[in-house]
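The chains carry the letters A, B, C and D, assigned in the order they are written, with residues numbered from 1 in each.
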Amino acid sequence: MTVMTNANSKIKIGVLGASGYTGADLVRLLLLHPNAEISLLTADRRAGESYAAVYPHLAGRGLPDLVAIQDADWSGVDAVFCGLPHGTTQELIAALPDQVKVIDLSADFRLRNADTYAEWYGHEHRAPHLQGDAVYGLTEHAREAVSAARLVACPGCYPTAALMALLPLVGGGVIDPADIVVDAKSGVTGAGRGLKEANLFCEVAEGIHPYGIASHRHAPEIEQELSLAAGKDILINFTPHLMPMNRGELLTCYVRMTEGHTADDLRATLAERYDDEYFVTVVEPGVVPATRHIRGSNHCLIGVFADRIPGRAIVVSTLDNLVKGSSGQAIQNMNLMFGLPETTALEQAPLFP
Amino acid sequence: MTVMTNANSKIKIGVLGASGYTGADLVRLLLLHPNAEISLLTADRRAGESYAAVYPHLAGRGLPDLVAIQDADWSGVDAVFCGLPHGTTQELIAALPDQVKVIDLSADFRLRNADTYAEWYGHEHRAPHLQGDAVYGLTEHAREAVSAARLVACPGCYPTAALMALLPLVGGGVIDPADIVVDAKSGVTGAGRGLKEANLFCEVAEGIHPYGIASHRHAPEIEQELSLAAGKDILINFTPHLMPMNRGELLTCYVRMTEGHTADDLRATLAERYDDEYFVTVVEPGVVPATRHIRGSNHCLIGVFADRIPGRAIVVSTLDNLVKGSSGQAIQNMNLMFGLPETTALEQAPLFP
Amino acid sequence: MTVMTNANSKIKIGVLGASGYTGADLVRLLLLHPNAEISLLTADRRAGESYAAVYPHLAGRGLPDLVAIQDADWSGVDAVFCGLPHGTTQELIAALPDQVKVIDLSADFRLRNADTYAEWYGHEHRAPHLQGDAVYGLTEHAREAVSAARLVACPGCYPTAALMALLPLVGGGVIDPADIVVDAKSGVTGAGRGLKEANLFCEVAEGIHPYGIASHRHAPEIEQELSLAAGKDILINFTPHLMPMNRGELLTCYVRMTEGHTADDLRATLAERYDDEYFVTVVEPGVVPATRHIRGSNHCLIGVFADRIPGRAIVVSTLDNLVKGSSGQAIQNMNLMFGLPETTALEQAPLFP
Amino acid sequence: MTVMTNANSKIKIGVLGASGYTGADLVRLLLLHPNAEISLLTADRRAGESYAAVYPHLAGRGLPDLVAIQDADWSGVDAVFCGLPHGTTQELIAALPDQVKVIDLSADFRLRNADTYAEWYGHEHRAPHLQGDAVYGLTEHAREAVSAARLVACPGCYPTAALMALLPLVGGGVIDPADIVVDAKSGVTGAGRGLKEANLFCEVAEGIHPYGIASHRHAPEIEQELSLAAGKDILINFTPHLMPMNRGELLTCYVRMTEGHTADDLRATLAERYDDEYFVTVVEPGVVPATRHIRGSNHCLIGVFADRIPGRAIVVSTLDNLVKGSSGQAIQNMNLMFGLPETTALEQAPLFP
């Protein structure tokens, strides 16, 4: 673990793939970081442009111009955030200088099993030696490993929300890991800034629909971590829906409790687990988690409700997919990796309305 | 069954509680009805005003002014649509002249069991003698009874969407009625035009949250009908969510199949059941039901998908809560009650985008 | 003028460029037309697909599959609606069989002056002989010419809204044609279904911005018609804004009145002009035109308001850009060209909420 | 001017009327202020409740519970922000202890002329002796006076956006102050959290309409300041529109330039004026101001565009109505009043998407 002792020597940060929404939110948050400065921004198709040309809301902030990744100067860089498309990061990271710490926001190092990776992503892993080193960076559940890591694979947005709610319950044995339904609703930033008809305003506004039913790549990621907690291989139902909002996602998890447990037990299990956590809150009975209560912030809210069906409960988890589900958790991990207070640059309250 | 034989003698329609969104959509649709004319519009708080003062988009259509319900002249009225608040319709309907057919859009006559009604609505039923006569008007499943009825209780919007998908599956024995989760997402018209902070634009836009968890009044209604189909009392999970759209709702139903059945069997069961139905469509494999594909129309779309978990399936049902979930189904029932072609005034295609 | 005398022989319609939003709304409306049937749908990039594959909300309506335009069979076609990209329609229309009536929704035949066309569209006109024949189809102001036309150029959506409000005022001499500001706000369907970053949900939702300031192609079109009415060449200010809604546009026009006139005079001028018009309504004093009051319908609402600045007034005009601003007006023109009642298939009330 | 010399002694802040959206945004921003702490929150109707009960997104921040204003303990309070309804603040402020600095966000002290106040607000001013002392706190144009003030009247949101764009142009003599049209578009937070049908989700979503045409109370406020700059009394056109977004407003100003000036001159005038300002940016030619580029931040963007009509120009100004248009500017003023760096707690970048 590197401890930053000299406030004058800020961490030099590179953001790779800075033209996506995740890149923009990394920049937004890092601008408030007292111990970090952005020294490199890459975006192949926009190379040569100012960052303000791509994101006018970040004009006037003294940011470097965009460069192509092969033109990047790594000499002064202490850490990189990789927001590149899935499948493109592995060889790149393998080629980075050793002293550069890597916080990867793609899916490239999330799956530990090479076969599972190949099955879901359609090709063999291209840096299997790194795959073993990568730490799955669900911060609150991997703090020690993240602190010591050189390469952190940040969880997907849905897995972050799902695992925050379900890991303590599965690990605590209070729910049946073989009977979990996760119904997810997400804003459109989750789909990125790429040009797809499905993401046009008129295709999304005033409507909702499921997508990737029983085939979304975040399912095996959730299953990987829950299986570890359960001590056996499990499958889950995971059904995401696309809805008309920019940011935020809400997961409604339907679970069967193990013999003798109640919804209050589940709440108590979660509340105890997260009692000391700044970013994860188990809401009081009667409070309903809502995406607008975490918009723009690094917080995750979890609520537990008894079901009408005896023996069942409903666990609701919500976070901002671009912050706790992506850029915020990545910075949280960076803070750990550099021995900084974990909440640095992440204290902003949610933006409501 | 009354058969309309003379095109010149249109059915005289009263819309009670015409100032709500349901009333407005009844009027919108009835304006295109060749065999009906609106002769009475009531709204107690807006009595004396023109309908255009309440709904400017319906100006210039020759509609009668609003009157208070106690000032209504029933003499020429053949049928009334009741869109009054729950609990206020029972005595009113009991006092109507016998020749007036009643299509009730409130919840007042949906529950057949007096105790269940009292439990969920907080008071004894005020017209128990009518409760027995009332037909639960889920049109495609009650055609004969509706045709012969004087009083039809139109199902709630959520029950309509849920029962269209689940009734044939429970009735056909292909799913386990004791293991049904219904995760619902609804637009804001479902909450009506009343003044509540929760329905302000800024409280809804850019967000989603569940509400009425395990306590929504549509749960016992769904359970009533599914229990009849199952031949035993069942409970379901029903969890609605409020999201930023005007119209439409989408229900994602998570079901466990009975031994030996597959998702294809479920689809076949539904496709066969609705093969001849104009308003209910089981979508082809690969097509995903979306609220925007039924917006403004009387259609219901149902899709079936295999789950990752063996033995489980996902059934998605979507409709416009103000049309098939309310005003449209009510007119469909009226058409039956007067011997008219069922689709009259309901042929409009959805409005997309 | 062709008069339809035999209800059995429906007009055979071709929709060229049927994969755009305009095409979809033409189909939506034509499905309710008792005297027309769609026999041809073209879309080059989607040729071979069913229309339902492109627009699932129009599945099950017995529509022909999409064909490439060069594969179209024109033999039975009585009329075509052209919804092709600007600049591609001229040679195509020139090559159509003579008996086919043409209702063009592109900009290709709107400008009468060849130089103006070349200046704004970047190339010489490719069918100048037809340019002279084409009737500018602002229906309420060109009824006779449209009735007799073979080729009608439907006005752009903004020009339709602007001219409905301003033509009678300029023509009546009650406002100064040299001092007109038109501030327009439009939903996103106006930008079509093409893939552009600017039209992604996240780029539009929760925001507004002007575009095409002083350079939008609808400006010369408005100026052309107002200049004719004024009897001299005029320039206007036209500033459109893109905002987060699917349909609808609202134009706030700031005008200077000529000596001795008041806002009441302007309202009276407009009210008299449109007194007999089904689709154009001058709202009562105190009523404010709103896009949601015309959504999905062929109506245009106009309101007049006195300004705080003496001698000035504010004229507000609103319509649905896909209906009265495009597909609806096109069908209105078709009805005239075939001697049918002008409102056929266009009686639907607006969809609110 | 009070200079804060001891970082340990934070400014004690009271927020009066903390249950409105403006109050919530004050709290959101003040939570990041290193030199201030919130010691008092009032809200008469919610007195006794925790702040989290009113605004769950601000739970867990150590805020005091809400009290009724008559129960407030002023002893330790250094400054109050008043976010009370218009007309209720005057007597209250008059009764505050002298040592309490007051930053008023209501309209109660904005108008300097007693008659104008009475005309627009319907009653005589109730603290005329304070009216003279109050500083109109458009920070960038009143820095010195604000620094020395005890009572600052923060401008309305529309006046802030309008005056930022127009004051330097009128003051510089480059536009005709008698020919200004301001077409404004605003999100719904501008209307507050009160229960009004017009602000329900379904009345706003998917639409736009003007309101308060030629009668909005922000018009005399803009005129007051522009008249001072012009050296003569002027009237302006001001026409606001309500549109479906939470935050942000955009003003499109149509101006006539004085002899010999061009749009480039206007841009140069503004650019020079704001060259050193952190929060006000004149965008480069080719960049279009958009509300989403300032969402959640204290920034104001201004763009200048040549009109098609010779001698005219278009000036676009945008800001977040809850921040630079209200709470943010209020904190900016507080910073000045306490000798703190003006940008303290206001450095957050905009939240996009």
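Going forward, contacts are C-beta pairs under 8 Å (C-beta built on N, C-alpha and C of every residue); 3 or more make two chains touch, one makes a residue touch a chain.
Everything numeric here is computed off the predicted structure, so don't read it as measured data.
Colleague: If you take the chains that touch chain B and keep only those that also touch chain C, what is left?
Modeller: Common neighbours, chain B/chain C: A, D.
Colleague: Which chain pair shares more contacting C-beta pairs: A-B, or A-C?
Modeller: Between A-B and A-C, the larger count of C-beta pairs in contact belongs to A-B.
Colleague: Suppose you list every residue number at the chain A-chain D interface; are over half of them used by both chains (same) or under half (different)?
Modeller: same
Colleague: Counting in whole Å, what is the centre-to-centre distance of chain A and chain B, each centre being its mean C-alpha position?
Modeller: From the centre of chain A to the centre of chain B is 40 Å.
Colleague: So, what's the distance in Å between the C-alpha centres of chain D and chain A?
Modeller: Once rounded, the distance between the two centres reads 36 Å.
Colleague: With centres defined as the mean C-alpha position, give me the chain A-chain C separation in Å.
Modeller: Result: the chain centres lie 46 Å from each other.
Colleague: Where in chain C do residues touch two or more other chains at once?
Modeller: Within chain C, residues 21, 188-189, 202-203, 205-206, 244-247, 290, 292, 295, 353 contact more than one other chain.
Colleague: Taking the touch rule as given, give the residues of chain C at its contact with chain B in the complex, in rising order.
Modeller: 21, 24, 27-28, 31-32, 55-61, 188-189, 205-206, 246-247, 281, 283, 287, 290, 292-297, 347-353
Colleague: Would you pull the chain A residues touching chain C in the complex into a rising list?
Modeller: Those in contact with chain C are residues 21, 188-189, 193, 195-197, 199-206, 244-246.
Colleague: For chain C, which residues count as touching chain D in their complex?
Modeller: Interface residues on the chain C side: 178, 181, 183, 185, 187, 202-203, 205-211, 213-214, 219, 235-239, 241, 243-248, 250, 252, 254, 288-292, 295, 305-310, 312, 314, 316, 318, 353.
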